[in-house]
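Alright, structures below, take your time with them.
There are two complexes below, and they share chain A, which is joined by chain B in the first and by chain C in the second.
Showing the complex of A and B:
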């Protein structure tokens, strides 16, 4: 177990170096930093001074080394729109994003898996038809429209919940539901398929022929085996989770990293964008690691294989 | 066993019908639109659709904040969504299929490089990558096609890689090799035709994903720049007028979900038709 985790941990610096490289390339494509930092009235002397301070007169590999060195020390530069280090700004937004993401993910997994099991044991009946059709339709639903529909119904028509912003627990409800409904359909359909496949296995037939009750077969033999594909799928959903939370934060003006990043893109605030990408990538790497570890705990074939 | 309520024939008919209708709408957009999609008429702004009180004659789906005819904008918007969706799917499909076939056929170090790269890119959110690239190079239909195409090749590579590797062991491939056939000839003649059914299904479903990605980027303001009509940027404009004109956001959203749902139905029907074993989904 420990060797497995150590082996996986060894990949973390490699992944971060790759992200750092990608961030550096994007930083350079975006344009001359000197033009971004200084206004139109700057003199050539000011430009030359700044170019020296930012090490832009060095060869590209050295620039990349300096960039990586600074990043390792948490120095992403100073924000152009707000005063203060870019990293601090991003870390301030980490809490709201984590609240939103965890609520959305927990709701999606719990309700999605339950609905998927319900579909599988009531296969081709009304329950299955309704839930599967809803999941299929949900896969086609653009999450940004879903959020807007929820705002219209619960905030504008019924007046139960605030339309957007932050301040109370109530503000989290609509964004959380939007994000979870965006992720849920895949979990419903995957759990359904996985449970149906497991039900067809011979050990399940054996368990049933021993005369075990339906519930016992389900909880003892079917679900523990059917849950593995769902777990590995969870790892693949991290990317969708990031995209979904960026959009959800934008719709609901939720003060998270995604909204900060999109806003900074429009303000050409490159240091904040880079810092946000870096923190998001770091979170993705950690999340993937956690999923792998949980999976290897559940399924010995993975850590031994 | 019971017959499913939604069988493959119904799915393909329904989905195919919607897809054909959307394509016809895109082709004949100028004939279907009573107005120029960018023509402003400030006296007619924020008029509701024909079924609500206060509707303006001629604008049966109402008008937006600049008095532009919403139906005309939705009709022209289908051009952008379908163009970007299909082209990005093709770009990703060609890239991914070629790389996947080469990796599966050649094996060894080439396979390691290609497939590890695919894994690495899969771990990074494609939507975040697309946001960053568009932020760096700017939004336009061509840029969106390039960005979405390049960030979506991995799924094709994975599918074709697995199939190619198993096809490579087939006797007829070995026979061709022993006859001295060139690699490229074998891939074209003996391997690619076997991939076509699976690729048809994946490509169809990917068009839906590409359209969703395009509309999402346009919604964030990073896709098709206004005033060109895209369903995504129309929805974004509608969001700012939800109190007074909810129909702008809702009709654009409805256009997206109908087309994407139709494509998904068609893809699922095709999958059940071409690969009966994976019918349950």
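Showing the complex of A and C:
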């Protein structure tokens, strides 16, 4: 188990290096940061000086090597639109994003899985029909539209919750719900399928033939086996979660990494974009590693296989 | 002596998109204490559904036990509450299944799975249950049981897993063990070991065993009495020796003729013409009539009932009254 985790951890720097390389190359070949850095009255001498400072006159591989070396020392460069180190800026925005993402994810997974289980054990009855239909409808609803609907109803018509921005727990509710509703339908439908599939397994008949109660069969024999596909899916969904979070942060003016990144892309603020991509990738990699560890704890075939 | 288990008119059907399929059609039989009973039939003959119906383990929906009675210890298992039935499942009547690969839960150690029954029915402490699980593994012939008890199913071979299933089944000293094709998925050499193990336990513990199989060789060697099933019905019931010497029902005759004989010179192996009728489209009369070489007009009217034919023998064939030699 420990060697497995160590082996996985050894790959983390490799993944991060590849991600930063991709982001670096894309940003370098799509525009010249010097034009944005300096204003319109800059002299060629100033440009040349800055080009030298940013090593933009070197070939791309050398630039990347210098960049990597700096990153290893925690230096992603200085933001072009704000003064200050890019990494510090990104890390300041990490807190709000983590709040939003964890609320959205917890709601989506907990409620989605419970609803999926309810559908499976009440298969083809009213509960199943209502929840499955709602999940299908939710799956086909774009999250930005859903967010706007929620703002219109709860913030504008009822006036219960703030429309956007930050400041109190109340501000977190609408964006959190929007993000969770964006993810939840998939969890409902996947859990339903997975539980139904597991109920048909031979070892479930064995468990019933031993005289165990229905609840014990469900919680001890069906659900632990049914949860692994859901966990795998959760790992895959974390990338989608980041995408959903960028949209949600933009709609609700939530001061998170997603909005910072979108703004920086428009401003061609290369150091901030790369720092944000780097931190997001790191979070996705760690989250996937956690999912794998939980899965191997649940299933001995992964742990010992 | 009253039978240990008595099944009367058991009727199980499945509701599917194609319609209603009758899987078990008014099956009746008795099982005496300590008896080794075989149920033989081909795939789809209803033998496994019969076994699962006894403990109401049919998935419902789509399955439904429509009627009948399963009497055990003065109670009708089909009318019992779910809670009362749970005290019988695994405790008085235990089951093992065809696929040892999939019958054990992959995420628990075999020890945990055996202990679960012991804790459930005998209220043993975890420690006592663990000691007992090791004893049971030893009893079913698993070497170094103290180590195996903490292994997971995927670490064991198919034969060992089936031994674990047997250990689990006998853990609460049941009176009846239902074995549904327990060796079909195993190698021939392992098959014999498992069946020998079952027979040894049956004699040692005084278990009554219902062995379900499609293998007539297994029937001949291990069981004392046989039910032959065809298309959801019992077509012949007989002690094992007379069945092999002189089968009464044309289906049983066909089955026995299709066994290759080492001492007889044969051009080609006999087989039964035609196929088993679809459960959605049963003939109105005897289900075997479309394939029967001795069919009469009367056979196509109504399914014949089981009728007595000699000591301890019954068969469901209208030709029973005729002299036996014309039936060969």
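Going forward, the second predicted complex is superposed on the first by the 300 of 305 C-alpha atoms of A that agree within 3 Å, B and C clash if a C-alpha of one lies under 4 Å from a C-alpha of the other, contacts with A are read in each partner's own complex, and residues count from 1 in each chain.
What we mean here is this: a contact is a pair of C-beta atoms (placed from the backbone, for glycine too) under 8 Å apart; a residue touches a chain by one contact, two chains touch by 3 or more.
The structure presented is a predicted model; accordingly, all values stated were derived computationally and were not measured.
S.K.: Does chain B (first) or chain C (second) touch A:208, or do both, or does neither?
M.R.: A:208 sits against chain C, while chain B stays out of touch.
S.K.: State whether A:262 touches chain B only (first), chain C only (second), both chains, or neither.
M.R.: The first partner, chain B, only.
S.K.: Does chain B (first) or chain C (second) touch A:137, or do both, or does neither?
M.R.: In the superposition, A:137 contacts chain B only.
S.K.: Could you let me know whether more residues of chain A are touched by chain B or by chain C?
M.R.: It is B that touches the greater number of chain A residues.
S.K.: Which of the two partners, first being chain B and second being chain C, lies in contact with A:70: first, second, both, or neither?
M.R.: In the superposition, A:70 contacts neither chain B nor chain C.
S.K.: Touching A:225, do we find chain B (first), chain C (second), both, or neither?
M.R.: Second partner only.
S.K.: Go through the superposed model and pick first if A:88 touches only chain B, second if only chain C, both, or neither.
M.R.: A:88 contacts neither chain B nor chain C.
S.K.: In the overlay, answer first, second, both or neither for which of chain B and chain C A:300 touches.
M.R.: Second partner only.
S.K.: Applying the document's definition of touch, where does A:284 land relative to chain B and chain C: first, second, both, or neither?
M.R.: first
S.K.: For A:26, is the partner it touches chain B (first), chain C (second), both, or none of the two (neither)?
M.R.: first
S.K.: For chain A, which residues belong to both interfaces, chain B and chain C?
M.R.: Shared contact residues on chain A: 124.
S.K.: For the complex, which residues does chain A have touching chain B?
M.R.: 15, 18-19, 26, 29-30, 124, 129, 133, 136-137, 139-145, 148-149, 151-152, 156, 189, 192-193, 196, 236, 238-240, 242-243, 246-247, 250-251, 261-262, 265-266, 273, 277, 280-281, 284-285, 288
S.K.: What does chain C use to touch chain A in their complex?
M.R.: Touching chain A from chain C are residues 52, 55, 57, 59, 61, 82, 85-91, 94-95, 97, 99, 102-107, 109, 116-117, 120-121, 152, 154-155, 165, 168.
S.K.: Quick one: which bits of chain A touch chain C in the complex? Just the residue numbers, please.
M.R.: Spelled out, the residues of chain A in touch with chain C are 124, 200-203, 205-214, 221, 224-225, 298-301, 304-305.
S.K.: Contact residues on chain B for chain A in the complex?
M.R.: 1-2, 4-6, 120, 122-128, 131-133, 135-137, 208, 212, 215-216, 219-222, 232, 235-236, 238-239, 242-243, 246, 249-250, 252-253, 256-257, 260-261, 264-265, 268, 280-281
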